[in-house]
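Structure, as structure tokens:
Each chain gets a letter, A, B, C and D, in the order it is written, and its residues are counted from 1.
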Amino acid sequence: MHRKPQQFGSDNYAGICPEALAAMLEANSRSAAAYGEDPWTGRATDAFRTLFETDCEVFFVFNGTAANSLALAALCQSYHGIICAANAHVETDECGAPEFFSNGAKILTAPTLNGKLTPAAIEALATSRGDIHFPKPEVVSITQATETGRVYSRDEVSAISMLCRRLGLKLHMDGARFANACATLDCAPADLSWRVGVDVLCFGGAKNGLGLGEAVIFFDHALARDFGYRCKQAGQLASKMRFLSAPWLGLLESGAWLRNARHGNLCARGLSEKIQGLPDVSLMFPVEANAVFLKAPAAVLDVLRTKGWRFYTFIGGAARFMFAWDADPAVVDALASDIVEASRAQDW
Amino acid sequence: MHRKPQQFGSDNYAGICPEALAAMLEANSRSAAAYGEDPWTGRATDAFRTLFETDCEVFFVFNGTAANSLALAALCQSYHGIICAANAHVETDECGAPEFFSNGAKILTAPTLNGKLTPAAIEALATSRGDIHFPKPEVVSITQATETGRVYSRDEVSAISMLCRRLGLKLHMDGARFANACATLDCAPADLSWRVGVDVLCFGGAKNGLGLGEAVIFFDHALARDFGYRCKQAGQLASKMRFLSAPWLGLLESGAWLRNARHGNLCARGLSEKIQGLPDVSLMFPVEANAVFLKAPAAVLDVLRTKGWRFYTFIGGAARFMFAWDADPAVVDALASDIVEASRAQDW
Amino acid sequence: MHRKPQQFGSDNYAGICPEALAAMLEANSRSAAAYGEDPWTGRATDAFRTLFETDCEVFFVFNGTAANSLALAALCQSYHGIICAANAHVETDECGAPEFFSNGAKILTAPTLNGKLTPAAIEALATSRGDIHFPKPEVVSITQATETGRVYSRDEVSAISMLCRRLGLKLHMDGARFANACATLDCAPADLSWRVGVDVLCFGGAKNGLGLGEAVIFFDHALARDFGYRCKQAGQLASKMRFLSAPWLGLLESGAWLRNARHGNLCARGLSEKIQGLPDVSLMFPVEANAVFLKAPAAVLDVLRTKGWRFYTFIGGAARFMFAWDADPAVVDALASDIVEASRAQDW
Amino acid sequence: MHRKPQQFGSDNYAGICPEALAAMLEANSRSAAAYGEDPWTGRATDAFRTLFETDCEVFFVFNGTAANSLALAALCQSYHGIICAANAHVETDECGAPEFFSNGAKILTAPTLNGKLTPAAIEALATSRGDIHFPKPEVVSITQATETGRVYSRDEVSAISMLCRRLGLKLHMDGARFANACATLDCAPADLSWRVGVDVLCFGGAKNGLGLGEAVIFFDHALARDFGYRCKQAGQLASKMRFLSAPWLGLLESGAWLRNARHGNLCARGLSEKIQGLPDVSLMFPVEANAVFLKAPAAVLDVLRTKGWRFYTFIGGAARFMFAWDADPAVVDALASDIVEASRAQDW
């Protein structure tokens, strides 16, 4: 029996990584002005500008629901449509938050190829209706990495953003696992965002090593107009802002944001390699980020549960394992062994 | 010159108190399930039930804007009116958040006596219009302690809640500084909330020693129906919930919630006593919680600013000093001395 | 070439029927109090109570978008889900109105059988998720007659409402063409609404002979609580209410509501019978109300367009013809002849 | 005893004027395409462009609540503030509609001079706060004529619009009685709207002789972007649009819009002149449009009520009499006589 078998159920089961924690503790060493007038918030904002090699506008909010919903609300009006994949988190797991924050914008789902939106599918949907009785498409939202652990290449994002420019649509990126995508592609954040036409990026912190917090990054200043008011009104302005911003500073300045993502990706890749060739266990999706989706007989999954492993099966019945900055390689190995063993037990 | 002269500008300039921090660090010792399925969240909820001596429903949200706005939205519909004091925070400093969360409920302000709402003023407003062209009054919101540092007695709250029952109104308490009020009145939390008819209390954490977080406490289970969904949709459900809940556990189990409040109150009281009898400096309001509002000649305030003290003058031109759990009594004494000195310099 | 070939494009191309117009003119004979305090509004309300054989609550609003959206908003909160058919008007043709009025409730679409929702499909959807990350199902909305001209039998509605009771869901009926359904089934309005468990019915006026206006009818008084305020706030309270209510009076008291519906149904039935047996033209759906959906070769449709007929092809490419109270049987015959002729020309 | 003594309670007690009715009946002579694709809607739009001597954008909506609320929502975001007079209809009599349509914009009331907003009062309010905790002022809304029957001169509107330009605010005019103001000032509509800097005008129809309907007129095309979608989503797109637009055509083409307004103004002026010099009855406000507000002893008002006159006393206790297009001069005279008589009876 392993010590922490539950830890791969989600990449938000992990705690706060040491670099983020150290920065938070440092920020706690004395009193400081509120609402972002403290020294850490300005430095964290600048750290994002350095990371993205551009004078972007940065807003720190509490969680991903708010980050994505506020960003989408800033990009459209209530009578607009937001195009995304049918399995996008904003469609399936936010309890109507984008609709709430935007006061009624409708999410329009397009079919995906390899779990990713394509320009063809977006264009077909965006141009399917032109009448006033249906929300006017205004924004495209893509998730990087996707809910199923796929990664959009730079060219794929570029192709989508060019279509968006042509159709007058704005491009939002849900980057709850943006760091993992950068790690996968070995790509500078700028190259995977504004340089390929992303208008607004929600950079995920919780899944990257923070205790809480996401950053909304606008690459177009006009789109960020009055966004601070929007955050305040929506209950997303922290009074003791430094406890939201300083951890980001720790994550960015130390390079932990990338190390953490690489580690998670490596664990996923490692697991996937160790279970190759099993007769009745297979990968539902190629492993491109920090997720492994296993197709396996119910009996195999039962054995794993009995051994204490915890995982979700909400997407097509596959068992999902997620790896965060704190995934213990020894435990990943143990999981791999248990899968191999359970699979072989089936065959005999 | 003092070491940290800026610290009395607001009680949200303070950091995280040791008891809250210790609990957060303890919660960070390992990975844990998300969205409140961790051990700390359940314990923190129970700690509130113990503190309030009743089976209340407890929800942990990120900040006071959200706590009050979500609670008010749960108590009314968009076409209802919310009665509060003209200087209530929900009216003056939330950038329209209650209107946003409730989708358009209107805040109706009533005149106050000693900075507090009275049954007479509430009744006059609640019964002034009965036609369909004006939002139907549905909720009364009182702030305990008030923005001006006053405290409602148990009898005062009771009188208001009895009126509310009579008129079919619900009673919400903005308790950003509820702990300070309990400390002032030396009163059990239950005696200052549900036992005197409060339906929903927003218990402030940030001003009581947390880094962030407030608790929404429903004493009537029916009013809490589906409130978890409401929090989720509004971007107020933390994925790593333990980092929001564990600090509450530290605050409540250790008794720090009350010690912190008492300390802030004591500092305010201390300052007010040390500056008594000055010819041109006086208290704008009696000191009942952790705030001191000074009426003083502009020249006196200028001298204080020159000496490095930081304070707001947004309410009637008075200088506001707020004292949190970390206020250093020696620094409070230094402030008192500077005030006395500045005042005397004026006279000569 | 026919005189008014365009008239079957939609059943809202028709004008105001004589009975409704006469009542409106009568109401215009003198000045009268506003906001429903006039004599006609009370009488029209009572006429609905008589028609439905129960003490229902009746609200007159301007159009179907508002009627359905306000009713749905009254039945749920922003974090709830509304179950309906994928081709329901509230999903496909209201530009996000239900989401707007409810401040973010999510429409959840279920598969249909013969264009109609089934208890099995509703139950599968309503019980598919139980977590807080997805809107909690709260309302079922059915359309009677459906967008494709189908009619729910009393037993079918009953089966759905019994499921709703069991699952704690409320039942809304979009009755834009409710009168047509009553005519089809030769059924008293009560028997097709509250007696089979409908909570709220939106009774369509525009498609039944009015110039504008729909009635929202609550059979459960509790659900109608403060609905007048909701209408007012949402811009749906007419100041000169009599011009909205009196036409209803004319429609109901004269029995025109039913005659109009029967006439439309008869024309649709007539057309469908006259084109039976054509080799390449067929009905996409059985004709149960006032709509005829034709599957025909593009060349046939082109011929019809050339002859001046106007119709939509938005549902599966079929040509839709709709018949209102004013459909001229001679023109319907002419249309039938043109279809037959165009079809035969194809074959040769 | 008079025949229709109740008719001066409000200017929305009047029926549909002959010119509007004739146009509606003409539009009812045959079937026509829906949603504004009919011939009348285009002509009515053009009639507005002719009237305003500019290529404005025109939208026909059902009532004033919707017209003003939709226009304001188009001019601001949820976190913005709308500056208006404390007695503005959008503040006092719309049940929170502007807040609902805008999803939470806050109405900020400024003191008035002679019942009208002044640049000084607007500027003081607009610049009183610059922090993120308070809605950012974005729109000024003025009512022409005002609720108290006052009229802004062209210079007064100009001065306000110049301030708006300087502060980056947009200018909305609630023109429920815009026609009356044009009549008072003998001023072309253009001279009282876009030529003096009004961005959006809501031109009132119900009080000008229609049965229902208001027109939202944008003088800046950019501000009207996607406004049709906004109307649709908010339940303000009539399917049989011609019955909303044709009456406008009748009103505008015949010149009735101005005749009706002049008649109402004349009646008010006439009444005010006939009661001059009474010892205990006086005008609360100068009579500049179609309203007369009388200050009189309660006993006098009681006598009037006894004689069957109906009026409101909601503004400062004064008795309000409103005169519409259908006010019968003989009945106005009778009212004047009754007032004179009741007043003299008091003195003796």
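Just so we're on the same page, a residue touches a chain if its C-beta (ideal position, glycine included) is under 8 Å from a C-beta of that chain, and two chains touch if they have at least 3 such contacts.
Chains and their UniProt names: A, B, C, D = L-threonine aldolase.
Bear in mind that the values here come from a model prediction, so they are computed numbers and not experimental data.
Visitor: Does C-D or A-C have more contacting C-beta pairs?
Guide: More C-beta contacts join the chains of C-D.
Visitor: Starting from the Cα centroid of chain C, hunt down the chain whose centroid lies farthest away.
Guide: Between chain C and the rest, the longest centre separation is with B.
Visitor: On a C-alpha centroid basis, what's the spacing between chain A and chain C, in Å?
Guide: From the centre of chain A to the centre of chain C is 43 Å.
Visitor: Take the average of all CA coordinates in chain C, do the same for chain D, and state the distance between these two points in whole angstrom.
Guide: Taking the average C-alpha coordinate of chain C and of chain D, the gap between them is 34 Å.
Visitor: Could you tell me which residues belong to chain A and also touch two or more other chains?
Guide: 78-79, 94-97, 100-101, 103-104, 132-133, 135, 229, 232-233, 237
Visitor: Which positions of chain B touch chain A when the two form their complex?
Guide: Against chain A, the touching part of chain B is residues 4, 6-7, 9-10, 12-16, 21, 24, 27-34, 61-66, 69-70, 94-97, 100-101, 103, 206, 211-212, 229, 232-240, 243-244, 324, 326.
Visitor: In the complex of these two chains, what residues of chain C are touching chain B?
Guide: Going through chain C, the ones touching chain B are 35, 77-80, 103-104, 132-133, 135-136, 226, 228-230, 232-233, 237.
Visitor: Quick one: in the complex, what on chain A touches chain C?
Guide: Residues in contact with chain C: 78-79, 81, 92-97, 99-101, 103-106, 132-135.
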